[in-house]
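Per-chain residue numbering starts at 1, and chain names A, B, C and D are given in the order in which the chains are listed.
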Amino acid sequence: MKIAIVYHSETGNTEKMAELVCAGCALVEGVEARCMPITAVDETYVVESRAVILGSPTYEGSCSWQMKRYLDAGAKGLAGKLGGVFASQNWPGGGGASFAEMTMIAGMLVRGMIIYSGGITKGQPYLHFGAVSRRAPEEELYRERCVKLGENIARKAVELFGDM
Amino acid sequence: MKIAIVYHSETGNTEKMAELVCAGCALVEGVEARCMPITAVDETYVVESRAVILGSPTYEGSCSWQMKRYLDAGAKGLAGKLGGVFASQNWPGGGGASFAEMTMIAGMLVRGMIIYSGGITKGQPYLHFGAVSRRAPEEELYRERCVKLGENIARKAVELFGDM
Amino acid sequence: MKIAIVYHSETGNTEKMAELVCAGCALVEGVEARCMPITAVDETYVVESRAVILGSPTYEGSCSWQMKRYLDAGAKGLAGKLGGVFASQNWPGGGGASFAEMTMIAGMLVRGMIIYSGGITKGQPYLHFGAVSRRAPEEELYRERCVKLGENIARKAVELFGDM
Amino acid sequence: MKIAIVYHSETGNTEKMAELVCAGCALVEGVEARCMPITAVDETYVVESRAVILGSPTYEGSCSWQMKRYLDAGAKGLAGKLGGVFASQNWPGGGGASFAEMTMIAGMLVRGMIIYSGGITKGQPYLHFGAVSRRAPEEELYRERCVKLGENIARKAVELFGDM
């Protein structure tokens, strides 16, 4: 089962999150995951994926305009897929990342996706709306969150779509 | 397969939405749906349900405090279930219902639910984050949205959980 | 006192809202208001303005990526100014316009603006987070909302900054 | 000039934030600030205040139902006042506090308030939508944010209303 992680990153922080999310997906048997920046999306791979996870830096309190442009104009084949989100911000809390996650979730719902994070039900670290990191995920907590998001989404995708 | 519609209603507007959402669920073969106000939730039924749909009036731009209290303190057994939302507002657009829907979705994600609406991918009327009505759903558009939300959630629940 | 209305419009719907917001501002003595699309912002005029009102269509449940790009990368001199918002959507409620308004408000707060709508305290039609219209503001309610937003922001700007 | 800080706190974390916000207000000459829990609001003082700052813990990704109840049913005399927000969460980022702040801001706009934080325009630490702390504000960053929010709101209130 394929899972696509589509991210926007200028400084490399969100890209590092994407790699950890990808590693988290790969912990689940039968799952193949691939990261791709929104400037080089492999549309065929996205269409073939059963889950798509979007990641963005937080700009002015919501997801970056580049990620918004992807959601508005570029994203193809998202309907019916499982969706998850992650966001970097420059501060430990209060930088708007939770709101940025909700902006992506809003667009993904409109596109017919099924949104999941696992929230506080899959053990610590808790995820709430998705995975958030202060800048690049260097501290253990932020690294674990990214891995957990990938793992939660991959396990849920296998559970929901494994027999299809 | 059981589906629970849990709503808060003071004027009866959101209750009428709930009944139409329930009727929409019942259009799908094999689905049993039941409406219940947050003051009289059948917890056993909720726990046995594969999908839970929450509905609230829009108060001060977000879901009512009564619905928020249910999400904060009362809701049991939501993890892993499919979730959907609906909201009434007093105005045709601009009354905050979309934001109210996102408040409920935020809480449902934290509780480990899988959120779905169908968005703009299941034909008209489009749903975006869920079903919105101006006051009681008397106009055809508002009635159809409620029914469609129920139907979309029920079909998706059968698709995802039908074999489990 | 100058007020700038900066909008993004592809179909012309949001542009028509902008013109009505502008007309509402002009109802207030001593106020000069000007509309400008984000593709042709008069930066000098914006900097000289005491209030800036932003308008966008609702795309995928939030403000358009073009408006987000303006907030992320283009907007200059917003700090300390009074801010207001308006949004068009394709549906009477439930199209995400309230959430789109909040996305703009998030960015405006980060940029140091002071946000105001008047909400439900300035008589009908009520505004909540700003002015919302279904497509172009053809129905009386939608037209009145746009005018009211302009008038509320202009009156508040004169009240707050009139002596400065 | 009076400023009221109205907060909800169960564990005492948000209360400690409130005290620091209050201390920040008191740094500004001519300002008298007072903290009060939503269970014991001094309504006369709130009505006499030119600014009201609301603080809440983050529950299930938005402000607590108790704070929502205050906004829905209890808050009096907020129209026309300057407003600010703060929120505690259990995690350094990703706990939903930014979204919780936006829930309060939504209600405050509906009630006719003028919302301000100062965002990233008043030096570090940046505030974005308001002040966020992980649990009680023990780390320097979180303490400074609370003080800065109070100071920003108080300075702006004096600037806007000082001559009235």
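Convention: contacts are C-beta pairs under 8 Å (C-beta built on N, C-alpha and C of every residue); 3 or more make two chains touch, one makes a residue touch a chain.
All of these numbers come straight from a predicted model, not from anything done at the bench.
Novice: With contacts defined as at the top, give the pair, B-D or B-C, that has more of them.
Specialist: B-C
Novice: Between chain A and chain D, how many degrees of rotation does a Cα superposition need? Round to steps of 5.
Specialist: About 180 degrees, rounded to the nearest 5.
Novice: For chain B versus chain C, what separation do you get between their C-alpha means, in angstrom?
Specialist: 31
Novice: Among the residues of chain D, which are close enough to touch at least two other chains?
Specialist: 61, 96, 99, 102, 106, 109-111, 128-129, in rising order.
Novice: Any idea which chain D residues touch chain B in the complex?
Specialist: 59-66, 68-69, 71-73, 96, 99, 103, 106-107, 109-111
Novice: Can you name the residues of chain D that touch chain A in the complex?
Specialist: 61, 89-100, 102, 125-134, 141-142, 145
Novice: In their complex, what parts of chain A are in touch with chain B?
Specialist: Within the complex, chain A contacts chain B at residues 79-80, 82, 102, 105-106, 109-122, 128-129, 156, 160, 163.
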